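One chain, subunit A, appears in both complexes that follow, with subunit B as partner in the first and subunit C in the second.
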Partner chain A sequence: MEYLYFPGCTLYTKAKNLDEAGRECAKVLGFELRELSNWTCCGATFPLAKDNIMALAPPARILARAKEEGGTLTTLCSVCFNVIKRANRLIREDSEKREKINTFIEMDYQGDVRVLHYLEILKRDVGFETLKAAVKRDLGGLKVAPFYGCMLLRPSEEMEFDDKEAPTIFEDFLKAITCEPVDFPYKIECCGAFQSVGAPEVATECAYSILSSAVRNGAEAVTTTCPLCQFNIDSMQKEVHEKHNDFPGIPILYFTQLLGLALGLPVEKLDFGRNDVDPRPLLKGKELI
Partner chain B sequence: MGRVGVVLCSCDLEGAPLFDPDVLTEKLKRRNDVLPLVYRSPACSESGVEAIRAFVEESDLDRIVVTCSRPELFGPTCMKVLRQSGHNTAFSEVIDIRPALASVEKGGLKEAAEHVLDLVERKIDEIRGRVPSRKEKIPFTKRVMVIGAGITGITASIDLGNAGYEVLLVDRLPSIGGRMLQLSETFPTLDCAQCTLTPKTVETGQHPQIRLITYSEIESVSGEVGNILVKIRRKAAYVDWEKCTGCGLCQEKCPSKVPSEFERGVGLGKAIYTLSPQAVPNKPVINREVCRFFTKGKCRVCEKVCPVGAIDYEQEDTFIEERVGAIIVATGFDLYPKEEIGEYGYGDVPDVIDGLAFERLNSASGPTAGEIRRPSDGHIPKEMVFIQCVASRDPERYMPYCSRACCMYTAKHARLYKHKVHDGRAYIFYMDIRSMGKGYEEFIQQGVEEEGILYLRGRVSRLFRDNDHVVVWGVDTLTGKKVEIAADMVVLATAMIPSRGVKELAEKLGIKTDEYGFLTEAHWKLYPVESGVEGIYLAGCAQGPKDIADTVAQGNAAASKVQALFAQYRNSS
Partner chain C sequence: MKIEISRQKVHNEFAQKVEEISGQNLFACYQCGNCTAGCPVSFAMDLGPHQVIRFSLLGLEKEVLESNTFWICASCLQCTSRCPKGLDIARIMEAIRLVILRKKERLDRLEIRELPGEFLDRVPQIALISGFRKFSS
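Showing the complex of A and B:
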């Protein structure tokens, strides 16, 4: 199996630990991630204004290129996934906009590339049963709260990813890699998104609600698929501490890091040093590293 | 065989013709088996009706076809005129020309005429081909079947019984009373629902003209007005109702306690049960899905304790056939399942219940004997949240329509709660308050002003369980503020939807349903309880959401329609 891989900007910089572990795990699981050539920014947000065609040019170019290079397109970052998948659908279903966009990007793309998130590859193409069988390092029921955020799930009729109110794919994934998923009501809530730039106090409160709910429900760690979520609930924990002294802190891991750990990858490939709240004490305590 | 008369009305009810009638007359005149009558101003006008009467009386016509653009309005009147003129209408029809004109451009009167001609000729050939099923005149049966024994069906049955007609009252539940039997008190008077209803159910059960056919479903329907043959499946109760005295010992001793549908999941029932201690008829049935004997093969406790030997595990469904002259369909409503509402937890959050479940908690005969205790731990809730318009007025995801009764019953719920839990707080999230019944607005205001119910105008985006609270995330759009309430219990006023199986029943009866499954009346305004099929009437929430006062009015209306129908056949039995 081979997939065209669109890393996106963050995965080359801040979220290297999401990217590298993802690539390494693919090798272990026997599928290839061929990096899309000449990729650009995904557009970063799906335009909210209906007539903002311009913002659709970057994802359209990415998709048209994926079509040329022939393959299913996959991403690790939830935001990229959201923008590309929705742009793809719009191009497929709205002939007027399709024509406009194609004229603008000077390419001819019909919206027919398959776009999958890495988690969907694990679920549909690899299969959670196969994944379970590939586990080399038993994580011993590590209690992990899956934080979906919003981008994977909404708008559900466009994303067609999972039930928007009660998703389960992340939990099923965690079970397959021998973690114990922790259900918590904030798993589908907003991480604070870009408020961390303009109104950090808002994002801090979001992070506090999410993380304290995860801790209350017994989580030892939280996992994400999204560099923006990761930033808000990992990097912002300093600010959360400043406002809420009682907050104990909790490590936040990318799902590919947990996957790599379970598949027995060497620890240096998992780059735990990049996580702001160091997960290594927890993992050492559990004798997982 | 005589000629077929064709009445051609080309009117569109707005004065402009829809087709050129001369084209049709030309062509129809060439057939010697057809006699056309063109009426240029609306045939449904007084002069039009007189012209039709004269046409029928003066010509020897065997069968008649009338073209019309609104047959649902003119059809019944026209048929009556034909009958009054001495015409046997068994094979005559008022046909709808609108479908034939769908593809015709406006103003293409000649082309339109060709389409109508095609339609008319096909109809002529069809009705000429029909042969009377019997030579002798079919007697008109003056008996009525009422399907659905809720307050609507009961009301109609009592009216018709009092008028001297024999009534067969059918319900799929073991006893009569329907939804109203589940209610605690009713708005705007806060009368006890059972106290209001029980005299009615008893009257129905005792009425010499009314026969109850409960625990039964309609299997098939055939025939036409005055002569409708209905096949009914009498479901196996596994109790011989002839022998049963209704002593209740079997229910008392039955060891299976299961969540009861009647108690809306907030209370338990037995595997052998009646719906209430005052059930009419007061005869139990066994739910074989949960009965220990049927599921595990041993138990037979009810059989052992029954003093008259009425238990019969071998009983099977039986079928009966009844001939009636008219049918009233009053099959009522269900609530939109909260299990399908993801933002409110797919029915998985304990202490989030629907309106009918709250009625049961409030009811003196309910699982808590009328004390407000939440299902999860039996505690008395101090923070109560009521959410209106759940799955109603939500065209994107659920039902676009207003369910009409929820504003009032939610106000009633909050007030009843405050009457019982004085130190409790009641919040109501609403979109608008629709209280346009007699005494309704005053009822709402009293709740707000005297009982301190807090109305918050806004929707609730999500609720979830956190510890032993139900966290409610909403918005107050009047202040523009987000609202978070750690509630002890939440009541969802979920949308009214047609009761299960109505579409299938409507198909058997040959009547129409709308896109949501509510039965379609013959006309929005003028024929609210007619189905469009002669002899079949509708009433109550089967036709659309409404409150008890309106549903009773419709029950009365349907009954009076049947009496008027029967009065037209004075000489029949």
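Showing the complex of A and C:
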């Protein structure tokens, strides 16, 4: 199996720990991620104004290149997945906008590339049973709260990812890699998204609500698929602590780091030093590293 | 607050502009408040999203534009996902942001030089790009 891989703006730098572990795990699981050539940023927001066609040019170009390179397009980042998948559908269904976009990008794209998130590859193409059988390091029921956030799920009729109020793919993934998924009421809430730059005090409160709920429900760590969620609930724990002295703090891991750990990848490939709240004391305490 | 209601006021120029940019019919809203109840950031808003829609239809353009509601909105689409009338409320908030950002004065909400250096060192690209797409013209 081979997929065209779109890393997106953050995965070569701040979210290297999402990217590298994802690439390594693909090799172990027997599928290839071929990086899309000449990719650009997806725009990091899907344009919500009806007349903002310009913002659809970047995802349209990415998709048109994927079509030329002939394959299913996959991402690790939830925001890229959201923007590209929504743009793809719009190009497919709105002939007037499609024509405008194609004229602008000087390409001819019809909206017919398949777009999958990495988690969907694990579920549909690899299969969680096969994944379970590939586990080399038993994570011993590490209690992990899956934080879906917004972008994988909404709008559900466009993302076609999972149930919009009670998704289970992340829990099923965690079970397959020998973690114990922790259900918590904030799992589909918003991390504050770009408000960490617009109104950081608002994003800080979002992080506090989400993380204290995960802790209350027994989580030892939280996992995410999104570099924006990761920043807001990991790096911004610094701001949460400044405002809420009672907050204990909790490590936030990318799902690919947990996957890599379970598949027995060497710890140096998982780049735990890049996570702001150091997960290594927890993992050492459990004798997992 | 005394409000005089007339046909012109209800379908005023501001409300029409918001409808045009968002592609949403504001009259569809029956004020159930589901959007505000489920909004993860409504605690920081002057007006709930449902109030913004009602105020817009009452011609209270100034009150709407002076509220912080649409600047606080994080486009997480929880309201859109739960609206029983199928309104895409996140698009309505985006339209109101654009009513301001598209004015010739270019009243940007966010300036890069206002962000602290320490913050710029650690903030990921994804946050900056999405933030400036939402808060600047």
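As a convention for this text, the second predicted complex is superposed on the first by the 289 of 289 C-alpha atoms of A that agree within 3 Å, B and C clash if a C-alpha of one lies under 4 Å from a C-alpha of the other, contacts with A are read in each partner's own complex, and residues count from 1 in each chain.
One rule holds in what follows: contacts are C-beta pairs under 8 Å (C-beta built on N, C-alpha and C of every residue); 3 or more make two chains touch, one makes a residue touch a chain.
Just so we're clear, the structure is a prediction, and the values are computed from it rather than from any experiment.
Once the two complexes are laid over each other on the shared chain, residue contacts for A:E268 go to neither subunit B nor subunit C.
Once chain A of one complex is fitted onto chain A of the other, the partner contacts of A:E96 are absent, as it touches neither subunit B nor subunit C. Of the two partner chains, subunit C is the only one that A:V79 touches; subunit B does not reach it. By the touch criterion defined above, A:K164 lies against subunit B and subunit C together after alignment on the C-alpha atoms of chain A. Which of subunit B and subunit C touches more residues of subunit A: that partner is C.
Judged by the touch definition given at the top, the superposed model places A:D246 against neither subunit B nor subunit C. In the superposed model, A:A44 makes contact with subunit C only, not with subunit B. Of the two partner chains, subunit C is the only one touched by A:A15; subunit B is not. When the shared chain is aligned, subunit C comes close enough to touch A:S235, but subunit B does not.
Of the two partner chains placed by superposition, only subunit B is touched by A:P185; subunit C is not. Common to the subunit B and subunit C contact sets on subunit A are residues 164. Interface of subunit A with subunit B (complex): residues 163-166, 185, 213, 216. Listing the residues of subunit B that touch subunit A in their complex gives 342-343, 345-346, 348, 462, 464-467, 471. Residues 20-23, 40-41, 43-44, 71-72, 74-78, 80-81, 88, 90-91, 94-95, 98, 109-110, 115, 119, 122-135 of subunit C are the ones touching subunit A in the complex.
Across the complex, subunit C is touched by residues 8-10, 13-15, 41, 43-45, 48-51, 55, 77, 79, 149-150, 153-156, 164, 188-190, 192-202, 205-206, 209, 227-228, 230-232, 235 of subunit A.
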